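Some structures to go through are shown next.
Two complexes come next, and they have one chain in common, chain A, joined by chain B in the first and chain C in the second.
Moving on, here comes the complex of A and B:
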C-alpha cells in the first residue's frame, strides 16, 4: 500500500527531473560566464599592479604582465615614506573608526531592542511607532545642518591642537549613524520572535536583566548581530559623502581609505600612475577581502535568511 | 483594606521603578538619535526659511519662502543646475533600478538550481558589494580609459572616448560605463536577498501546482512571484532610495574634462558641492531648502513604491492551501496525501517557524 503510494509520484518526478537536469546545465553555463565577467575587473587590477612601466605602455590589454615584466616597483613606490599615498594612515584611520562604529552600533542596537521587547514601560509602543515614521525621512535633509553644527561646535570649543582636532573629527565620523533605525528594528524583530517563556522562566528563577541579556539573548542573536556587523562595516568603510565634507581642508593623513583612494580615480593618468593606483587599491582591498574569504559563507547565508524578515 | 492599599502602592511603586529602568536604558539611543538625526533635520527645516551663514552669524535672518522661490526660479543658473542634475539622475534611475532587480533575480533563480560549484559563483557575484566605491572607480576608469592605454580600447583596437563629454550634453558613453560599473558593483546584495527568498518558497507548493496540472510558467507566476514579493519590495525600495541619492559612482567615474569636484549630475552632488566649498557658505539656507525639496521627492517615490508593492496582492491559493494542510498536520486531524508530502511540509515548517 505504502510502496504503491510512493512509487507513483516517483515516475512523474523522473520527468521533471530531466527538465531540472537540463536547467542545471543552462544555469551552469550562464553562471560560469557571469562569474568570469565578474572576476575580470579584479584580475585586471591585481595583474596591472605587477606590470612594469614599460609593460603598462606596450601591453595595456593584457590581464597579466608579459613574461619578464613582473615587478613590485609600484608597491615599493607607494609604501615609501615620501609617497603621495598615506596608505597606512588611511588604513589605520578606516580600521579603528569602522570597528568602533560597528561595535557601538551593535551594542546600542542590542540594548535598545532588549529594552523595547522585554521590559515594560509607558510609551514604549509609541516610541517604536515614531521610529517607523521617522525611517521615511531622508537623511539628506539633516546633512547641511549637521555640517553647520560640526563647524559651530568646533569654533565654540576652540580646538587648536592636532590631537584635539583629530579626536573631534573622528567623533563626527563615528557617531552619526550609530542610532540607525533600520538595524535596531531588525534586532527588535528578531527579539520579538524569541519565545517570551524563555525570558519569563529565567526571570522567575531570579535571573537579573543583565544576566538574561548576556546569557540568553545575546547568544541567540548571533546571526542577526553578524548581519548588522556586515551592514554597518561595509557602510562605514565605504562611506563617501559625509567624510568628504568633514575632511575638506584637513591633513591628508587623517583621511580614510575610501576618501584617500578617490585621488587615484583619473582615467587619463600616465602609465606609471596607473600602476601605483592599482597597487594601492589592491593593498587597500586586502583587509576586506581577507575578512570576506573567512566569513562569506556565513555572511551570505545570514543575509539570505534574515534579510527577508526585515 | 489596609493590606490592599499597601499592595496597590507597592505595585505602583514597582511600576514606576520599571518605567525608570526602561527610560534609563533607552536613554543612550534616544540621545544619540535626537542629536544626530532629529535635531539636524529640524534645524534644516528652520534654516531653509533663513538666510543663514554658520560662520558669520551677523547677517542671519528669516526670509520666509525666499529660498524655495529661488529654487523654483528656473531662470537662475544655480537652480537650473539643480533641476538639470535631478533630471539626469532620474533618467539614469529609470534604466538602472529595474536592471538591478531583473539581473539579480535571474542570477538568483539560476543559483537556486544549484549547478556544480554554485557556492563559488555566489561568493564571486557577491564579492564586489564589499569593495569600496573608490576602488571600483579606479578599476573601471582604467578599463574604460579613453586613450589607447584603456583595457577595452586596447583589446578591440578601438579609440572610444568613454569617460568624456560634458554633463547634460554628450556624455552618454560615460553613463554607459557608470551603468556597467553599477551592475558589477551592486548586483550582489539584491542577488543574495532574492536567492534567500527563492530558497524559502516551500517546495510542496510547486508540487501542489504541478499536481493541479500547472505548467512551469504558471508555477513561476502563481507560486514563485507571490511568495518572493515582499523581498522584491524590500530590494526595490532599497535600490530606489539608494539610486535617488546617486553620488559615488558618477563621482569616481568623472569625465576627463571636468575636475573631480566640479561634477554635478545628481542632486546629492549638487548639495555636496555647495556645502563643501567654503565660498558658498552663505548659501546654507538655500541648500537646506534644496535638500528638503529633494528629500520630499524621495519620500514621495518611497511611498509610491510601498503602495504599489503592497496593494497588488495576487491571490495565492497554493500558499493558503499549504497553510491549511500544515494546520491540519499540526492538529493531527488528518494525515492525507502521500507520505513524502508530509515530509516536505515538515521541512518547510522549520523555515516558517522563523517568521
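Moving on, here comes the complex of A and C:
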C-alpha cells in the first residue's frame, strides 16, 4: 500500500485529502509495527515446534528451523497413543465445556439485555447501576470464596462417583463465567441502539415478547453475538487459574487443554520437551484461530447489515 | 358505560410521565367511522404521545379510551385492531420487503371456517373441468408442468392461473403428474380425471358421514343450528403470498419484494410501511408523522396517495403531524394542540376561518395570519396605532365589554378556589399565550446535593410558597380589570389573502387606503407575496402576478373590517371573528 501511494502520478490534493492520506499512512505504519510485534511470538512458537531436538540446542533463537532440520517429531510424540499426554481428552473437555459456556453466555446476555431494554419493571435503572458496580469488582477477588463454596457443596453432597465428580467440576468450570457483566452491558448497549419504533411496530403487529425476541431482535444482534462468541470462546478456552485450582488432584483425563499444557511448560518439564510444548500449544490454538476466522467475517457482515436507517 | 355513538372516544385522557412531567392534559375527542383526524401542533406538544396512548404503546395515566364502546385502556397493543405507521418507517432491517409486509400475517392467527379440503377441491376441479375448454386447460397445465420449479411452485402457479384454492391446485397437479407417468395414456383423460374425482368424493363423503360431521354446501363444518364452525389458525404460505402480492400491487411495490429495506428509497420504505399496515386489514390507522422524512415533492404525492388509500379501504385514520399544510389538505377534522392542551377541534375550514385563539390563528395558514397591536380607544370607538386609526361599531364595543367581564369572572373563579383544576386552567391559557412558568429555561443540574438542598429549602419555606400559576393569574386579573376603564392594546389579525393591494397610479385617488412601499416582493409563480411594514409589523399580502411589482412601486393597501380578527393579548382568546 505504501508503494502504491508513492507510485501514483503526482496530482494536487486538497488540504483535507492530504491530511486524510497522512493519517492513513501513519496509522498503517503504526498498525504494521504493532502487528509484527504481536505476531513474533506466535511465529516463533510455530517455527520452534518444527525444530529437531538438535536444532533446538544449536539454534534456539531462530524463528524457523535451519535447513534440513524440519521435523514433525514433536507432534508425533504427543499425538501417539502411548504418550502420557492425553491431548485428545483435554481437547474434548475444553471443547464441550467452552461451547456450553459460550452458548449459555450468549443466551443469558441476550435475555438480560432484552429485559433491561425493552421491558419495564420497577427498579430497572437501579438494577443497571448495580450491574455497572458489579463490573467494577475484579473477578479474581471471588476466587477464594468461590473455591470455598465449591468445596463445601461437594462435601455436603458427598459426591464420590467418578461421573458425579466430573459433572460437578465441569458445572463449576462452565457456570461462574456465564454471568459476565461486561458482555451483558455490551449487548444492552447494542439493544439501546435499535430504534424503539421497530419494537413498537412489531408489538402492534401482534408479536409477543417471545416473537419480538426471536424474530426481530436476535437476528439484528448477530454482530454483537459474534463479538461475544469470540470474546467468551477465547476467554473460556484460555482460562487457567480457576480450572487449575479445582482440577488439582483430579485425574489427568479430566483436564482441560490449558492445564495439560502446563505439564510441558512448568519448571519440572525437561528442556528437551520445549519442542513438544510448542507443538501442543500450536495444536491447542487451532480452535481459537478457527473461531476467530469464522466470527470475524460474520462480525463485519453483521455490522454492515445493521448500519441502516430504519 | 353509557352507549357512545362515536367509533372511538377519548375521555379526559391524560399522560403523566414517570418523572412527573405532564404531556397531555384532559384530551377529549369523539372520532366517527371513516374520519381522517389530523392532530397537529409544534414539536413537543403531546400529539405523538396521544397517538401512542391510542395505539397502546404508552400507558394511559388518567381517562378512558373507548373503541366501539369497548374500553381499550388495559387492552394490549396487539389486540387493538389498529395499524401504526411510524415516521422512521420502522421496517425490520434484516427482512426483505416481502417478509416485512408479511410479518403481521406470519405471527398472528386468524379465525377461519373449518373446510373439508378434499371435498371442496374436488368440487372446484369438477367445476373447472366443466366450464373451461379442455384444450386450453391442458395446454396451460402442460405449460406449467414443463417449466422448472418445485412442486409447491407449480401448484401455486396452477392456483393463480385457474383461480383455484391451493387444495384444488394440488389435486389438479396430482392428476397431471399421474397422467404423465401413465404407461398407457388413456384416450379420454378427462373421463379418467372425472372418475377419480367421483371415487375420491364418495370415499370422503362416506368417511364424513361415519364421523357424524355435518357439512354445508360450501363444505364447511356446521354445528347443529347450521352455523359454520370456525377455528383459529395460522395462514398458509399460499394465503400469505397471495395477500402480500395483492398489497404490493396496490402500492406499486411488486418489483421490490425481495429487496432489503436498506436498498430502498425513502418513499419506497414509506410505502412498505403502509403496506404492512394495510395488510392487517384493521379498521383504524395511526400515522405518526409518516411524511416528515421525505423530500418535498414526494411528500406531496404521498399525501394524496394516503388520502386515496384512506378512502379506498374505508379506514378511520388518526394522523399526527407538525405540518399545518398536511393537516389542512388531508384532514376531515383537525385537532390543534399546544403544550399538551387541545386548542381547537374542527374541520379545516373552521380552524382556518374561525380560530378559537391566537395560537391557532398563528399556527394554521401559510403564510400565517398578519397580526399587529393596536390601542383600543373605547370612548372614540377606534383602534389606533400611530397615524392609522380604524373606526369600530357599537356592536364591537358591546362585545368587548362582555368579553372582558366574562374573563374577569373566570379569573376570579380561578383565584377563589385555587386547586389543581384551576391550576390547569391557567396552564391552558398559558399554552395558548406561549408564556412559560420559569423565567430561566436552563435546567438546574440534578445531583444528589442539589436534591438534598432543595428538600431542605422546601422544609424551611413550607406551605408559604405561592404557586407561580397563582401569581400569574393574579397579575392577569389586574390587567383584565384595567381593560374596562382604560385603553388597552388589542391584537388585530388579518389573513394575507384578505388584504387588497393596488399599485399606485399617478393621478388616482386612494381614499381610506394606506400608501406604502413593499419591503420584499417574493414571486411564488402565480402570485407575489408582498411584504410591507404596517403598524411597526411586517405584514404579508398576496398580489396577482399578472402585473409586475417591485420594491420601488408604491402600493395602496386596504382591507375591510369584516375580514379582521381581534384577539385579547392577555388570554389570547378571540374577541371578534370574521364578519
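Going forward, the second predicted complex is superposed on the first by the 237 of 310 C-alpha atoms of A that agree within 3 Å, B and C clash if a C-alpha of one lies under 4 Å from a C-alpha of the other, contacts with A are read in each partner's own complex, and residues count from 1 in each chain.
The rule is short, and it goes like this: contacts are C-beta pairs under 8 Å (C-beta built on N, C-alpha and C of every residue); 3 or more make two chains touch, one makes a residue touch a chain.
Worth saying up front: this structure is predicted, and the values here are computed from it rather than measured.
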Quiz item: So, A:215: does it touch chain B (first), chain C (second), both, or neither?
Solution: second
Self-check item: Partner touching more residues of chain A, whether chain B or chain C
Solution: B
Exercise. For A:207, select first, second, both or neither according to whether it touches chain B, chain C, the two together, or no partner.
Key: second
Practice problem: May I ask you to decide whether A:198 touches chain B, chain C, both, or neither, giving the answer as first, second, both or neither? | Solution: second
Quiz prompt | Contacts of A:160 with chain B and chain C, given as first, second, both or neither | solution = neither
Quiz item: A:80 contacts which: chain B (first), chain C (second), both, neither?
Solution: neither
Quiz item: Where on chain A do the contacts with chain B and the contacts with chain C coincide?
Solution: 305, 308-310
Practice problem: Would you mind writing out the residues of chain B in touch with chain A in their complex? | Solution: 18-19, 21-23, 25-26, 28-29, 32-33, 36-41, 43-45, 47, 52, 54-55, 107, 110-111, 113-135, 137-151, 153-155, 162-163, 184, 189, 192-193, 195-197, 199-200, 210, 216, 230-231, 234, 241, 245, 247-248, 251-254, 256, 260, 268, 271-272, 275-276, 278, 284, 287-288, 291-292, 294-295, 298-299, 302-303, 338-340, 354-355
Self-check item: Residues of chain A touching chain B in the complex
Solution: 2, 5-6, 8-9, 12, 16, 19-20, 23-28, 30-32, 34-35, 38-39, 41-42, 44-45, 48, 56-57, 60-61, 108, 111-112, 114-116, 119-122, 124, 127, 134, 136-149, 151-152, 155, 175-179, 181, 184, 193, 209, 234, 237-238, 240-241, 244-245, 248-249, 257-262, 264-268, 271, 274, 277-278, 281, 284-285, 288, 292, 296-297, 300, 303-305, 307-310
Quiz item: In the complex formed with chain A, which residues of chain C make contact?
Solution: 52, 55-57, 77-80, 82-84, 86-94, 103-104, 107-108, 260-262, 269, 276, 280
Quiz item: Considering the complex alone, what residue numbers of chain A touch chain C?
Solution: 195, 197-198, 200-208, 211, 215-216, 219-220, 305-306, 308-310
